[in-house]
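Both complexes shown next keep subunit A, but they swap its partner, so subunit B is in the first and subunit C is in the second.
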Partner chain A sequence: MNKQVLVIGGGPAGLEAAGQLENLGYKAYIVEKSDKLGGHLLKWDRLFPESISAAETLQKLLEPVGHITTFLDCTVVSVSKTGEHFSVQLSNDATLNVSAIIVSAGFSLFPAEKKEEYGYNIYNRVITSADLEDFFKTGSDSRIQNPKSVGFVHCVGSRDEKACNRQCSKVCCITAVKQACEIKEQYPDADIYCFYMDLRMYGRGYEDLYLEAQSKYGIRFIRGRVSEVAEDETGKLVIKAEDTLSSKPLKITLDLLVLMVGMIKNADNENLSSLLNTRLGDDGFFQSASPILRSTEGEIAGIFFAGASTGPKTLPESINEAKASALAIHGYLSKQK
Partner chain B sequence: MPATLFKTFKDIIADCLIHVQIFKKNILLGYMHFSIAFGWFMLILVGHIEVMIYTPQRNGVLYYPVFFRYFVMETHETLRGSFFFFLMDLSLLLVLTGIGLAIYKRFHSRILGMRRTTKLRLGDKIALYSLWAIFPLRLLAESFTANISGGSFLTISINHLLNAFVTNPDHILPVWWGYSWALGLFLFALPFSRYMHIPTEILLIVLRNAGIKSSVSRDGYAESEIYSCSRCGICIDACPMTSKKRNIKFSSVYFIRLLRRRSTESLATADKCLMCNKCVDACPVGIDSTRLKLLKRQEMHVRSRTDYEYLQSIENKIDATDSVLYYAGCMTHLTPAIYKSLFKILKSANIKYTFLDIDGSICCGRPLFMSGDKESAKELINKNRELIRSSGCKTLILSCPICYKFFKEEYKLDGIDIVHHSVYINNLLTSGNIKLHKGIGSFVFHDPCELGRGSGIYNEPRELLSAIGIVKEASQEKNLSICCGGSLGSLTLSFSEREQIAKSSLNSLLTNNPDKLITACPLCLKSFSTYNTIPTRDIAQIVSENLI
Partner chain C sequence: MIDFGYSLTSSSRISLDNINQKKLKKITAVEPDFLKCMACGSCAASCSAGNFTKVNLRMVILLLNRGMEKEAIALIEGCMLCGKCTLVCPRGINTRNLIINILKIYKEV
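The block that comes next holds the complex of A and B.
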């Protein structure tokens, strides 16, 4: 019988890993805690930097998954390792006997209401980057009414010790640039501002998009964090920030404010890591055996990682890591009899 | 004046002899201090009376009453004699029980209500061990001579026992020497030890009741405070920073010791302090160590070159002659849900309000003040006072206790009623201007340091909450409330240290499993909501949600 592998989390990394494992001749199972495969990709409209459709990307990821056994609305309840085998009990009472486990449990979005000074869920015209993506996808959001001025706040809940997240979320800088361009396309008359600490345009094509945002779309980038947001009588937002390049405080009235929420650990990482007997880093993400040569392997033989379960990653990074993880499993299982 | 004198006399008896404050903490601990202080005092007093009665020619000779039994042969046959003998033995017994407890406390301080006690230095140790030795030696010495110079139930009985195996009366002498030595050593070590508090505390009480406050951290009144610290260490347990055995060296007792030694390290300790005032509340001597720390910061502060001229360009255009004035302050601007809720409440009560700092605040100045920058704080105070005065308001509402305390104490806004929003809303409820829906939800109220210990407001927020639901108790609340960890008071605490404090405070608050944690301070709200497992709300939020 084919050796079996359990994939925890049915987001892009989990789907890619499961597909690859099937290609290599293993039997993969996917356990997904929500009622749909696809993870955060389900909620996105277009992907940076080339505005590729998220739905089509997901469609391609799902293609090989057709015949893979998936358990939806399901979580891992207990794991016990005997020799080289894991016996895994699921919340739907099924028991799986597998030779390896991939943790591709992903990340959560920072709850924006925790930064109360930005007024999410307090003021009607404050939304998150995920809300905006949903608006692009569905075309409707009662909070977005033909805005004449829009602000983007970078690093909301990222690189913020007070919010208990010191890590950079990697994707928000470029996502903000992408979304700023997109909203300008939709509302050409709108003035768009991005408030940033510093812009991390490290990927291929990112810098080009950033330059285009300024030259073609006229988006204004202001270096400085927003200190507080208030609402005037008409419901418009009054933003206070500091332009640290000109060392001046500034006040802008906006119709819409978009908070670039960061990537944080899943709340159930702690539980999952204790079930799998693996370690978490200080940031709450999973810790791999070695950050350079064995970044997809756990410290315990048979446990592997893919995607944002080991920290914030872009989509192509997650997909590549899923492939690498499948290959690492292949190497590990080939050595067994 | 006679009232002050009477109060001073009463305070000295209550605090120096009976130790009422320590009795309130723990009965055994109180008894320990009471028995030693009161018993010793009685020994001295009765000793002097004996000298006056029996050897009036020696009256005024200091050593005479101390070694009275050695010099004077008396009889306990007379009623008067046996009365004094009995009194002396009883006092000695009282002191000995206290000494016994003190020795026991060195090994098991928990029984006496203290988790941690102070680490002793050499001077303290010499004084402590000689203090332990004085009274057992005195008992032994007086027992030896009890068949010659007289005694009572204690000394006579021991004398009978001793006579059974010590027959040579020359052995009496070394014991008297021992007693004499122990006492001498104690008195010699006293100025170098924590026992300096015995004479100094009396002076402290006199000065305090005369209304004197320290204006520098080391001299004058501060000096009497520093020497009055008995280093009992009650403040170590009280300090929120010391949970999990961290930061014990930054507690007030060690700060005062550093001040006493004129060590430059005292500044680092002063900077670390949360200024939550919990140690001041717990101190049985009533030393205002927070003020000493503040003074230390002010003395060491290097005048910044910040320019406040822009304040002059701000116009005094706010008019609140026919409305109440509201000042949000910097912190409430970061928690807009609080003022939104407050305005909803004011509207439902048909109260006209004016938002003083709608365009952003000029800080109240307290953070600068607490960091030691008194001059800069004054600039802000002056501008804010000008704005408030020129608005013509009668009532000023504040939702931030940090501002509230500062406005009350430093702003000198006579004629203007300064109210914290929790009190104002409660007044609206009791006067029937708002009506609230009472549900079955349960709350625990966190007393913000500046509102509770800082301003003495404990009941109004609880009254208000009990109109909405059930108010549950925290394991440490009201004056024992633990700081949320966010305090602006500390200049050097790290995030991880603050996290520790927030969590230990939450631990106390969530003891009885409330549904929601309610507080009345924007800073507490922010600190708790980061780590809390149940919803955290400001009192204005919960009231506005339950308006009928």
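The block that comes next holds the complex of A and C.
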């Protein structure tokens, strides 16, 4: 009988890993805690930097997964390891006997309401990057009414000791640039501002999109972190920041403010890591055996990682890591009798 | 010497060669948070004195690191120690203690 592998988390990394494992001749099981496969990719409209359709991308990821046994609305309850085998109890009372486990449990979005000074859930015209992406996807959001001025706040819940998230979330800079261009396309008369601390345009095509945002779309970039948001008597938003390049406090009145929410650890990482007998880093993400040479492997033999379970990653990074993880599992299982 | 009507202007260039390292070491010793600033400007944006005076903690930290002590002190003297900057700093800098110690160390000149 084929060796079996459990994939925890049915987002892009989990789907790719499961597909690759099946190709390599293993039997994969996917356990997904929500009621749908696809993870955060389900919520995206177009993907940076080339504006590739998220729905089509997900469709392609799902194709090889059609015949894979998938448990939805399901979590891992207990794990016990005997020799080289894991016995895994699921919340639907099923028990799986597997030779390896891949943790592709992903990340959570920072809850923007925690940064009260930005007014999410307090002021009607403050939305998150996820809300805006949903607007692009569905075409409707009662808070977006033909805005004439729009601001984007970078690093909301990222690089922030007060929010207990020190890490850079990697994807928000380029997402803000992408969304700024898209909203300008939809509302050509609107003035668009991005408030940033550092612009991290490290990926291929990112710098090109930044240049396009400046030269084609006329997006204005202001180097200063927004310190607070208030609502005026007409319901417009008054934003305060320092324009650090001119060293002056700055005020602007906007119709819409978009908070670029960061990637944070899942709340249930702690529970999952204790079930698997793995470690979490100070940031609450899973710790791999070695961050450079063995980033997809756990410290315990038979435990592997893929995607944002080990820290913020872009979609192509997560998918590549899933392939690497499947290959690492293949190497590990080939050595077993 | 013949006066041609010209004179030398002193250079406005920042010189990292002539920084008072002793004082920088002193301030980092009493308040290590001095090293944590990433110049986001949240302190200056939220400053209750900042709209009407030149108070700007971000700039003070930068100027001290560039050896411009007089200019730095001029930007901090109006501080009322209200503590709003402590609330907004994303690096969690103890701004109040930092300001008090900057004044102690650099004003004694």
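The rule is simple: the second predicted complex is superposed on the first by the 337 of 337 C-alpha atoms of A that agree within 3 Å, B and C clash if a C-alpha of one lies under 4 Å from a C-alpha of the other, contacts with A are read in each partner's own complex, and residues count from 1 in each chain.
One rule holds in what follows: a contact is a pair of C-beta atoms (placed from the backbone, for glycine too) under 8 Å apart; a residue touches a chain by one contact, two chains touch by 3 or more.
Computed from a prediction, not measured in an experiment: that's the story for all the values here.
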item: Simultaneous placement of subunit C and subunit B on subunit A, clash or fit; value: clash
item: Touching partner for A:Glu242 - first (subunit B), second (subunit C), both, neither; value: second
item: Which superposed partner A:Lys114 touches (first subunit B, second subunit C, both, neither); value: first
item: Touched partner set for A:Ala94, first subunit B, second subunit C, both or neither; value: neither
item: Subunit A residues touched by each partner, larger count belonging to subunit B or subunit C; value: C
item: Contacts of A:Cys155 with subunit B and subunit C, given as first, second, both or neither; value: second
item: Subunit B versus subunit C as contact partner of A:Tyr123, first or second or both or neither; value: first
item: Partner chain(s) touched by A:Val226 [first = subunit B, second = subunit C, both, neither]; value: second
item: Subunit B and subunit C contact sites that coincide on subunit A, given as residue numbers; value: 117, 161-163, 228, 240
item: Subunit B-touching residues of subunit A, taken from the complex the two chains share; value: 114, 116-117, 119, 122-123, 161-164, 228-231, 240, 251
item: Residue numbers on subunit B that touch subunit A, as the complex places them; value: 333-337, 340, 358-360, 495, 499, 525-526, 529-531
item: Subunit A - residues contacting subunit C, complex; value: 117, 155, 159-163, 197-198, 223-228, 240-244, 247, 249-250
item: Of all residues in subunit C, those that touch subunit A in their complex; value: 38-47, 50-51, 56, 58-59, 88-92
